[in-house]
Amino acid sequence: MSIETAPDMPPAHPFDDDKLREECGIFGCVGVVDAANFIALGLHALQHRGQEAGGIVTHDTETGFNQARRMGLVRDNFTSQKVMETLPGAIGIGHVRYSTAGSKGQTAIRDVQPFFGEFSMGGAAIAHNGNITNAVQLRRELIERGSIFQSSSDSECIIHLMARSMGRTIPDRMEEALRKVEGAFSIVAMTRSKLIGCRDPLGVRPLVLGKVGDGFVLASETCALDIIGAELVREIEPGEMVVISADKGVQSHFPFRPQKPRFCVFEHVYFSRPDSILGGRSVYETREAIGRELAKEAPVDADLVCPVPDSGTPAAIGFSLESGIPYAMGIIRNQYMGRTFIEPTESIRNMGVRLKLNVNRALIKGKRVILVDDSVVRGTTSIKIREMILDAGAKEVHFRIASPPTAWPCFYGVDTPNREKLLAANMSEDEMCAHLGVDSLRFISLDGLYRAVGESGGRNKAQPQYCDACFSGEYPVEPADMIDAGFQMKTAAE
Amino acid sequence: MSIETAPDMPPAHPFDDDKLREECGIFGCVGVVDAANFIALGLHALQHRGQEAGGIVTHDTETGFNQARRMGLVRDNFTSQKVMETLPGAIGIGHVRYSTAGSKGQTAIRDVQPFFGEFSMGGAAIAHNGNITNAVQLRRELIERGSIFQSSSDSECIIHLMARSMGRTIPDRMEEALRKVEGAFSIVAMTRSKLIGCRDPLGVRPLVLGKVGDGFVLASETCALDIIGAELVREIEPGEMVVISADKGVQSHFPFRPQKPRFCVFEHVYFSRPDSILGGRSVYETREAIGRELAKEAPVDADLVCPVPDSGTPAAIGFSLESGIPYAMGIIRNQYMGRTFIEPTESIRNMGVRLKLNVNRALIKGKRVILVDDSVVRGTTSIKIREMILDAGAKEVHFRIASPPTAWPCFYGVDTPNREKLLAANMSEDEMCAHLGVDSLRFISLDGLYRAVGESGGRNKAQPQYCDACFSGEYPVEPADMIDAGFQMKTAAE
Amino acid sequence: MSIETAPDMPPAHPFDDDKLREECGIFGCVGVVDAANFIALGLHALQHRGQEAGGIVTHDTETGFNQARRMGLVRDNFTSQKVMETLPGAIGIGHVRYSTAGSKGQTAIRDVQPFFGEFSMGGAAIAHNGNITNAVQLRRELIERGSIFQSSSDSECIIHLMARSMGRTIPDRMEEALRKVEGAFSIVAMTRSKLIGCRDPLGVRPLVLGKVGDGFVLASETCALDIIGAELVREIEPGEMVVISADKGVQSHFPFRPQKPRFCVFEHVYFSRPDSILGGRSVYETREAIGRELAKEAPVDADLVCPVPDSGTPAAIGFSLESGIPYAMGIIRNQYMGRTFIEPTESIRNMGVRLKLNVNRALIKGKRVILVDDSVVRGTTSIKIREMILDAGAKEVHFRIASPPTAWPCFYGVDTPNREKLLAANMSEDEMCAHLGVDSLRFISLDGLYRAVGESGGRNKAQPQYCDACFSGEYPVEPADMIDAGFQMKTAAE
Amino acid sequence: MSIETAPDMPPAHPFDDDKLREECGIFGCVGVVDAANFIALGLHALQHRGQEAGGIVTHDTETGFNQARRMGLVRDNFTSQKVMETLPGAIGIGHVRYSTAGSKGQTAIRDVQPFFGEFSMGGAAIAHNGNITNAVQLRRELIERGSIFQSSSDSECIIHLMARSMGRTIPDRMEEALRKVEGAFSIVAMTRSKLIGCRDPLGVRPLVLGKVGDGFVLASETCALDIIGAELVREIEPGEMVVISADKGVQSHFPFRPQKPRFCVFEHVYFSRPDSILGGRSVYETREAIGRELAKEAPVDADLVCPVPDSGTPAAIGFSLESGIPYAMGIIRNQYMGRTFIEPTESIRNMGVRLKLNVNRALIKGKRVILVDDSVVRGTTSIKIREMILDAGAKEVHFRIASPPTAWPCFYGVDTPNREKLLAANMSEDEMCAHLGVDSLRFISLDGLYRAVGESGGRNKAQPQYCDACFSGEYPVEPADMIDAGFQMKTAAE
């Protein structure tokens, strides 16, 4: 069912569509004054995880559950007194999101989380980051049994499973519902008085617990704790469900069969903000370490190391520090990116990238330049950047990529192009180098990446320490719906 | 759950809140080119039945079901090429609405009909005009059995009952669902290829069938057929359910136990447009006949007969024709009413009504004036109008009201104040006359009203021909939810 | 210079473009609390004189001059606390306007009055209703001498003439400026402390003086006094300039050579609101009298007298009262007119008029109907109405028009089509009757019209008592700019 | 006169108000297809020079002069097909702006440039960057002689001077007008066919000439040439006026008495984009050189060199390269800054800066940190940043500032706080260090800055090579209007 969208589309992603994109950020808090203000700030800090839409639900004894869901950025929707006054209460959850790949870049307002359901023992709201890999099957069964779906969101499956549960309390019902669900997900949920958080058994997606005053906070990343002055308590464990109330504090449950964790390694490479802390490690320092590894694995004689702004910056600094080649900002990013401009006639090529980036011509001219980028997905941006650098008179261009070749789609809550569009699924490193037209191209190795994230022995092939399916094709959770839809898993031969 | 509303509230009702208000208008068509255009036009013609919000659902084989729901007037939402292009298809239904009394004048966008549900055999959308009197009970049972409600609308009950039905087809499921439902309602619904219409067993709310080219139309009133050039075929019968497709035409079902019809008599008095035809009678002529009856029942010597614009106009003309007293526009209505103005300091009293109405001072001065109005609900407007007329120098003011005293609330889809706010529930005619401060006040008798609508013998007390609960307190369908909530039915003594 | 317009065009005129349209309404007040509130209310009451845009200027000793000018209706722009707070002060003026014919229906925001100018002795704002017939010549001279125009409005000419005046005070400068100006205009203007009003020497356009509390009001029509509870003091005299201050009251000046007045007779027929008082006469009663004259001049045997809503209503009532033929609402107007709908395929003809008007079919069928309209301009609407009435089964249709044939354009502030588009400029009454396809067509005679406005002897041909140029082609002020642009005045032969 | 502003205020400046702010960017082109598209792109590249509003004027033989002026960012206003279609033509100019200090951060739409004037020989539009220091005097004289001003902008003075000039052509009139004007300004202007550019005699503000295809471009900075693929031809000379047409190319005039140039040195430090080229020097490399000078002048033993993002980045890189201390991103900037959030209760301090910046805690903890910033104006941001760094556990904090102490306001088109608010106007370097609470604070010396911009001998005290009034208090053009208003120039003693 095609559904109307907001009249004004949110501003485009600052990078073009040649990146993998995290699809969601989640936040919740309990035991604070005016929870909605904290949630708005937390979602603002998580905006890089989803820019298309956002939603907040709070509960107040006088008004009951309150909700606002809007297309667009947090700063544009959740800063006015008028809106915030409609969201009273000391408990609440919030969500920012991208559209899923299937919906062609258009989020319907009814798909914006959190979702709310009324049960006989009271209401509950839920929001998640990630993907339920058997959602299509679950939805089909629920419809056959008489459930009416109002959205295309996976979260709604959980609400319907809870509605049909025999559990006496909402946390009981959520436990029962989650046991029917497969996939990679972090969840924040709430009842009138309880904040609930949960990570899937493998802990693929992040979720941290913080403390602010007498209240508690759940958030996708630690940068959302910093913005409200909360202290990091710990990460929610893989497979853990916490039930938090202002009076009883944090209670821990483990509804799933225990498994060895497989945290998403790409959170270190690109998704998370550099000022967040993941698994006890500074994301910035991990990325700097990736740059150092890359300088060791793939050295090259050159005059300058330049980042592709802004995500390549820490790795470029690391590469410079390791190699001794001076670091410089050869490419400048325009601070005021936004909607699509009308492209003038043929006299201008590559308008898209020019609107965002400009080469520092005087600096680049006649130089041998190492460009450090975080990833190569479809390669379209890389080609445009190479052209800009050469147009500006660079003598040589060497690409160094802070992640291994992205050869497989992610089915765990990340927006990836179809496999045929992934450059690394179709070409060898040498073919890619020729295709991009650069003097050299090198990706960090999987082992190098594992070393940079602290696994000094590299990747454990028998039992990898992280989910690296996008690089390795080894999916820790079977993507059941996608296989139904025809996706070919990696064969033994590959 | 309090839910966000559209940023810009729709313009206020042209009259103030001292009127009963029909809560909905419905429209559907099948077998036409670009159904959405016809629906928009039909809803525009039915705008007097609901000005707060409107919605359209269509179906097209390529895009599936399409939907747009908006706060505000049809002309402001469903006229742009951009919106209408999102609603392709040869079949569709639409709805305009007021808020229900309970929601304090604010319709949440999620309460805007039509509602849509996906069943295992395909999708269906539904919209209704009226009220399900056991909706609260049904909703409680459905929630206990695991249904998740997304709105506070009665229509959603029907969708959930259909979802839990064992019927093989959507019309079968709707029949089954409707048999569980009590109340007064007219319904339009649709599947991918079938347009469905239904009236409750008493036929309280109106619904007509029209034909345009090879297509069929359902609408609350005939004025919505006129605007698209459709011909009136007939009214849907009380208790009838029609299933209409482009190829097989109209099939008639009667799912309910037959009962004697009780059409809403107030549709004749006020709700319907004067250019509509109800039960084979011109609404305009009925109202003129009411004026004639009133002149016979309650004559008075005076210089001018003036309507309270605009709804009192036909009865005033009838009164003038019967009495021979000249008809004149003593009160002029401002064409550009709208949002609330900021009232200046005390120097101005009664700003509200001055914004909408102005007395024709030169005409009124020194005259004995008969004012004909359609009804008196709370009496607040009547007092302001009397003041304006006397300020302008009228010698005498006589009110003649084209309906009997409104002493009871309506529970069948009409927005009525609580009983304690209804002037006629608390005062005799003489007391009301004194309260309003006019020289005389007379309401048409119930029998007079019945004669004007064509019942030459007046009201059949044993078995009234119409629903006149708002005048008589005799409710043809027990308002179960309201009784649960504490409403006191009329006692034998009253 | 083409200039941007407001993103959302104001709603279309309720009637289509087959009417003459007054181009402006003006209002001013001094010595009141929060002048802007009174101005907003006054402009709302004058909205029928101009719906495209409105502006308000006030002055407060603390903030100086304050201004807000907006596209659209008063109720949509000047009712929010946020806007009204920016307009403090006890003195101010306001304006509503249509676009002039030349600008193709699009008013640029910079053309919205009032206009403001800063002189060495302080600022002044001005707004006018009417037309300066030598504005093009004046503008050319001013530009040659170094004035920079910011708009295409005539008001700006007056500001520039004032800027170049040697007068010591602003009223002195305005007097000097007005003596250079030709045309038909009413003006409201203001300094920091003085409200100024002026009518052209012939008094073609209206302007009245009112009193509210200790303050004074100027307005185009008395209905704008009523809405704020002000009392009518008197009309400003033709050629009079009043300078009003809170402390000194009203001072009267007569800057022009005295002339015999020629008030616009069409204000009585159509422009003014029926509840206004013009020249001591109720507009409603004048229109009723026109209907009576018409019944005497052009009687016809018929079953019903119906107005073309809404402007034909008083004349239709008069026709009915004089002829004894029953008055009825054969055509019903939709209260919710607005923007253009997308017209469905050929199955629907004449959508435009159907959106606004619907025939009361049951009433009209088989009847001989007299339709009373205020005027026939291009005749396009008349043809559509005749079609609707015949489609509904009327046996005969007789048009009676409450004004003489409109054969000449107005150059005094009224939007008229080019002469070749005026039906009466190209056809005799019989030819028009055949063209419109009605059983009979009669216009009131010029003498009949004069009788109805109180000139019992009819029109004084040697020295007409009114401006009736649109009927007679006799222009009391030479339209200098239009003659320069090629307009052919009436020849002796015509 | 207070005038309405756009309903939605543009997003706040990404930094808070503790920076000097360039007030304008200008752009023009001739001889290109669809000039407006190039202008929109050019203004987008110049958006850092003014974010409150923007305007474009073009000329096309068919439509004449076309104009659009809007509050807000270029990307939000000048990217829609609908707006751009209203701006046809092969010639045009554009402007982005901040508000001036006096107007309290609110730009009225009527103050948005370019300004347009109609002269007897045709129209002209003009936009400028900078300040006319005798504008108040000129305006007073012009008003006394009968000019009507519509804005508070200096540009309008020039238009009025041109209107009163006797010159035969528009360029002649502009030359005559400019000779009456004092100050620091760069101008772009246009007639129907000619693009005009001009710099004041000292060349304080920048203006460059570019070539794209057969067309010519004028822009404030070279980054605006890059975005449309234009080549840099040369800078416009101080005191030069160029008149450019598609057919005759560039003609050069020198209307002013020659003077020694005094280009604004702060353009190198902060205003210009790092990818622009000023006076043949890369701005990025100049800033890196400032960092190197600073490392030589004010070395300090530390663990990390961190920039205050983003403007301190190049100088921090230079400091790191010179000192050998590792460069690191200790402070991370949120990409999604925007409107003001509602600040939660006291539990959060310094919300403002937290919304924009977050400290990389894991990196900073226990470290001795050098923070490199571009300037210290009021010092408020510096204090907040110091607090954040210390809260994150830094052992020492050393500030190094890439400009000398800002002790004097700029009167040449830069928004500076009043002198009493400038920290360096009231404290010595040591006092500032104590006030900011850091372990050390050092500014680059004026001589060091001059060396970094290429003056190997440092500043020529007798005849400084740049305008450095904000540091030295030596104003190359007397700020006449400001002296009239009471500003105290530097005394011999200071």
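Going in written order, the chains are labelled A, B, C and D, and every chain counts its residues from 1.
Just so it is clear, a contact is a pair of C-beta atoms (placed from the backbone, for glycine too) under 8 Å apart; a residue touches a chain by one contact, two chains touch by 3 or more.
Being a predicted model, the structure only gives us computed values, none of them experimental.
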item: Separation of chain D from chain B in steps, with touching chains one step apart; value: 2
item: If a chain touches chain C and chain D alike, it appears here; value: none
item: Shared interface numbering between chain B and chain A [over half = same, under half = different]; value: same
item: Whole-Å gap separating chain B and chain C, where each centre is the average of the chain's CA atoms; value: 37
item: Distance between chain centroids, defined by C-alpha means - chain A, chain B (Å); value: 50
item: Rounded Å distance, chain A centre to chain C centre (Cα mean); value: 62
item: Set of chain B residues in contact with two or more other chains; value: none
item: Touch-based graph of the chains, sorted into line, ring, star, complete or other; value: ring
item: Touching pairs - complete list by chain label; value: A-B, A-D, B-C, C-D
item: Contacting residues of chain D [partner chain C, same complex]; value: 1-4, 63-70, 83, 86, 110, 116-120, 123, 140, 143-144, 146-150, 156, 159-160, 163-164
item: Residue numbers on chain C that touch chain B, as the complex places them; value: 11, 14, 32-34, 37-38, 40-41, 44-45, 47-48, 51, 73-76, 79, 81, 84, 212-213, 223, 226-229, 273-275, 277, 281-282, 284-285, 288, 310, 313-314, 317, 320-321, 326-329, 332, 334-345, 347-349, 351, 354-355, 358-363
